[in-house]
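In what comes next, chain A is part of two complexes: it sits with chain B in the first one and with chain C in the second one.
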Partner chain A sequence: MYSPRIIATLVIRNGHHVQSLGFKHYLPVGSPAESAREYDRWGVDEIVLILTNDSGENARHIISSVADAIAVPLTVAGGIRTLWDAHNYLSWGADKVALNHVLVEQPDIATAVAHQFGSQCLVASVDVWRTGNKLFRYDHWLHSASSVELLDWIHQKIGAGAGEILLNFPQHDGMRIGMDSEAISQVVQDVGAPVIACGGIGTVQHAVDCLRTANPSGIAIGNVLAHFEQSILLFKEGIKTAGAEIRAAVKATYNSHRFDPRGCPEKLDDAKLDELLFHRIEPELI
Partner chain B sequence: MRLNIGIVDYGLGNVRSVQNALERLDCRVFLSRNEETLAKADALILPGVGAFHAAMHEITTTGLDAILRRLAIDQRKPLLGICLGMQVLAEWGEEHGRLRGLGFIPGEVKALVPGAGRKIPHVGWSGVALRAAGKNLFSRKAEDDSYYFDHSYVFDAPEKYRAATVAWDDELVVAVAKENVMGVQFHPEKSQNAGLRILKAFTQFTKTC
Partner chain C sequence: MKVCRRCLYTSLHPLGLTFNEEGICSGCTVHDEKNLLDWKARRSSLEKLVEGFRNTSGQNYDCIVPVSGARDSFFILHTVKKELGLNPLIVTYNKHYNTDIGVRNLARLRTLLDCDIFTQTVDPDRVKRITRATLRRFGNMYWHCLAGQSVFPVQIAVKMKIPLIIWGHHQGLDQVGMFSHLDEVEMSRRHRRDHDLFRQEADSLVSDFDFVKSSDVEPYRYPHDEEIAAAGVRGIYLGNYIRWDTKAQHERMLDLYDYEAAPQTRTFDTYNDVDCWMHSDVHDYTKWCKWGYGRATDHAVRELRFGRLTREQALAVASHYEEKEPLNMELFLEWIGMTRFGFNFNMDQNRSPEIWKRNDQWRWARQEAWGEAHRLAAQNPDRLPENKDGCVFQTRKSPSVCDSPDRFILIGKGEYRSPEIGTPVAV
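What follows is the complex of A and B.
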């Protein structure tokens, strides 16, 4: 069996990597390719690009520059209206395309993409809205719940050929309040395709809680990864320390470190730092 | 010696990242479906994602099946199939009926069977168990590495040609090898340094040929 994926989400607006808050407000981070390159070096398992308003030549530049900077799978969401758009994204370097609103407007597109390029490169991205105990598909235009029940919608999309489900939670997005593990767990237990969960992670503990209780195939983390150096490594270290299975992608570890409440490593004591001066660090062989 | 690697171009698959990875290993890389051009390569890579029948349709209508047979079987040029490119090396594929593959390595491509805790497609990172046939692709240390997978079908090859496996319900064959022809189910070009080590091993093998 395989380890759950720790996925970095990069929200892109006007060609910049931004942080997203509640799908409404955006804060700039920097160049998409540079962010992606760092995440790759820090051992991320996959990268998801979400294009919020770039299209055409800009989209081509963003996707191809990110694809050339990394050696992990790349999923691209946003701006896909036609089979041709999906073809373009894949030829510019995406490994998978994620479809969201277009699945509502043109239900046939899922089947067309799956038939042309295979289910393994089609991700159905679904925004989840919770009303009390009930889960609905979120409607982007209404900015609230639609009348469509979540599981019905997901089963429909898997039937149409989606190979993976990406769950987003606008009520949690950018809030750092933890994930809706109960909802994620419902979906994971109910569907046969891999489920990726996204939205609400503010600390390592949030990720651990979700992996423990909901057992998704992966969790996607956005804003908080841009807050400190080596964030992926630190997340993985934290998750491993908590006892969950994770892929160790790089040899560096933080297992002798203590962490502050934000999840950043605390400074080592001076004696330890002196000792490290004489440590030989072997380069990784390829 | 700088190697020339030819990526077999039949319109399926994300060849850009394969090319990037090989260039990082200091190879000269080109894309072609022309026999004279491919013949100049020191080794060939057969990429591919998507459906078996679509891939075999492209390969047979462009005449690549005969070209690959001459280059890889008759002239014994090293050939590495990646993902779907590995599956089409099989004799048979089971997808929308039974279809002939290239037949370079005995075996048959079958659909993965869903079951408790087993999500289909098989997507994600996984370590592998090594077999003797994999000695040209994997170092002994490769058991510590993980690779990225994304597939719904699997190459069921006879014991002798199994190069690496993954524990699943029974055992998934995730790498095959028969003399100079090899294939991996995972994506080395998408598996960070662990993947680069596989491609590097393939180039080292090429240098010994």
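What follows is the complex of A and C.
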């Protein structure tokens, strides 16, 4: 069995890494490369870059600077209109490209990308809209849910050559209300391809809940990673404590700590801190 | 380029800025939370948070509070010590550009609030070499202060195993709305490197060309991840839990502790940077040269968002101060050993081409787009209700001195005040 991947999502707007709230409001966080560099050092398994409005030379700068800063796989979503765009993204340093809206306009592009570069680098990105018990594909360009049923759409895209599915939930994005585990679970059980779930994680518990009930191949975390020190490491530590297998990527560890509801470390006992005073802590040298 | 319909910030703000559909910037929308959130509840969540960090062994401090001779230090320490009842260790990075007011304020701070203090004073020769390097490489003469004051508290926290650092407000949250108050953002290495250090970590300054050795930047190195994780060091910002209003806070401190306040060269705010010869002077001038605006705009925007200035007043006062020449340039040039020509050369290398251009007379002028964007935003401004209190910044001088010929001197410069001390004593 594979360990679920802990993935960082970086939403990019006008060249800035931003916090995204409901696909609508954005708060500027900083430079994409700087954020990616830290997340990589804190032990993230993969990074997903979502370009919301950058293209051309700006996109090249963003993708190549992020790719230069990290060692883990990089998926880039947003702004791909042609096979040539996909080629550019990959040559600038992306390991995978994610297609979303263009799959509606040009249904053949998935097959073309898969044929040219292989399914392993083609991710079908789908925004999910829940109406009662029903799941639909949300169209970000039209700001509304389409009438296409989610599972039909996903099967179609896997048939066309997509090697992975990235699910995002505009109703959960930036809301810190947890993920729609039920919807994710439906998709995971129904399709054979790896599924990455994104949207709604505000605390470590949200991630744990989703992994437990839906068992996706990876979960993507966004805004909250920018809120505290070594956030990736803390998420991984929390998930590990809850019993899931996680790739241990770095030497730094919080294994003697208890955590508050947000997932931040609580204070150690004073006796333990006193003991640490005389304990030499070596940095990890690779 | 785009300008906010409410404040004066542009889309070229170096910290980044986003706009909503109404053309209001992220800084203004996050500022609105100050009037919407239940600050009583937020205050109690702060109390709950710090409760867990109290020392129980009686052998260590509860937390670390970084301070200086200005900048809300009194308010932060007063809150931590008097209101939250914690036992803090206060730490300060010596900026080297200290004014007498700053030295006196810091002396009063640590004596009136009964605190132990750690000071980091880096060898001036080393500071000068580093400052020459940062000035040459990215036009900044304040990097060592920003790097030092943002890292010294963290170094002490990991060394002494004090896992809580309490900072004042989060600059990115206040200026450009990087985070909502509800995000309860905490200190991180990512933010420090990206924004406080202009993406230049200490080690990137090491170079033979600038005579900066690896050992020279040791005081500015962030502790490694393993050390931070072992002690579980966290840095929280009071601004997430207290309705942050620096003007009102300083005015309370003027009365409570005789906080000294004095006029500044390049801004109307007489409270925030009185401890430094350079901050509202040469340092702010470098910001103007690089980004086409200065601290006066930051301060005017802050006051505008509180409703104490109108958009027109804010623009007028900002323009008035930003055009001013720095008064302490000679002092700095003499300290660092550089000519004005060399300084200007370094500035011109670092001017943002999106903002500056040479005009017909080969003088620097802001791009037309700057004026155009401001005109556009002013056509249909978003106005806040006016605050009737107006916007007056006080000054205050305290009679106390630090150097004294006939008293114990806790920390001072030891200046000769009476010439007879040097004369021989006849027995």
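Everything that follows uses one rule, which is that the second predicted complex is superposed on the first by the 276 of 286 C-alpha atoms of A that agree within 3 Å, B and C clash if a C-alpha of one lies under 4 Å from a C-alpha of the other, contacts with A are read in each partner's own complex, and residues count from 1 in each chain.
Throughout what follows, contacts are C-beta pairs under 8 Å (C-beta built on N, C-alpha and C of every residue); 3 or more make two chains touch, one makes a residue touch a chain.
Just so we're clear, the structure is a prediction, and the values are computed from it rather than from any experiment.
Asks: Applying the touch criterion given at the start, work out whether A:284 contacts chain B, chain C, both or neither, answering first, second, both or neither.
Replies: A:284 contacts both chain B and chain C.
Asks: Considering only the touch criterion stated at the top, classify A:145 as touching first (chain B), second (chain C), both, or neither.
Replies: neither
Asks: For A:13, is the partner it touches chain B (first), chain C (second), both, or none of the two (neither)?
Replies: Only chain C; A:13 stays clear of chain B.
Asks: With both complexes overlaid on chain A, does A:164 touch chain B (first), chain C (second), both or neither?
Replies: first
Asks: Quick check for you: in the superposed arrangement, does A:120 touch first (chain B), second (chain C), both or neither?
Replies: A:120: touches chain B, not chain C.
Asks: Hey, is it chain B or chain C that touches more of chain A?
Replies: C
Asks: Which partner chains sit in contact with A:71 here, chain B, chain C, both or neither? Use first/second/both/neither.
Replies: Touch partner of A:71: chain B, not chain C.
Asks: On chain A, what residues does chain B touch that chain C touches as well?
Replies: 284
Asks: Over in the complex, which chain A residues touch chain B? Could you list them?
Replies: Residues 1-5, 40, 43, 45-46, 64, 67-68, 71-73, 90, 93-96, 116-121, 163-164, 192-195, 217-218, 247, 249, 284-286 of chain A touch chain B in their complex.
Asks: Using the touch definition from the top, list the residues of chain C that touch chain A in their complex.
Replies: Residues 11, 15-18, 20, 26, 29-30, 52-53, 55-57, 59-60, 160-161, 163-164, 176-180, 183-191, 193-195, 199, 224-235.
Asks: Applying the document's contact rule, which stretches of chain B touch chain A when the two form their complex?
Replies: That would be residues 14, 16-17, 20-21, 25, 49-51, 114, 117, 119-126, 146, 148-152, 167-168, 187, 189-197, 200 of chain B.
Asks: Hey, which residues of chain A end up touching chain C in the complex?
Replies: 13-14, 16, 18-19, 25-31, 34-35, 38, 41-42, 223-224, 226-231, 233, 250-254, 257, 260, 262, 264-268, 270-271, 273-274, 276-277, 279, 281-284
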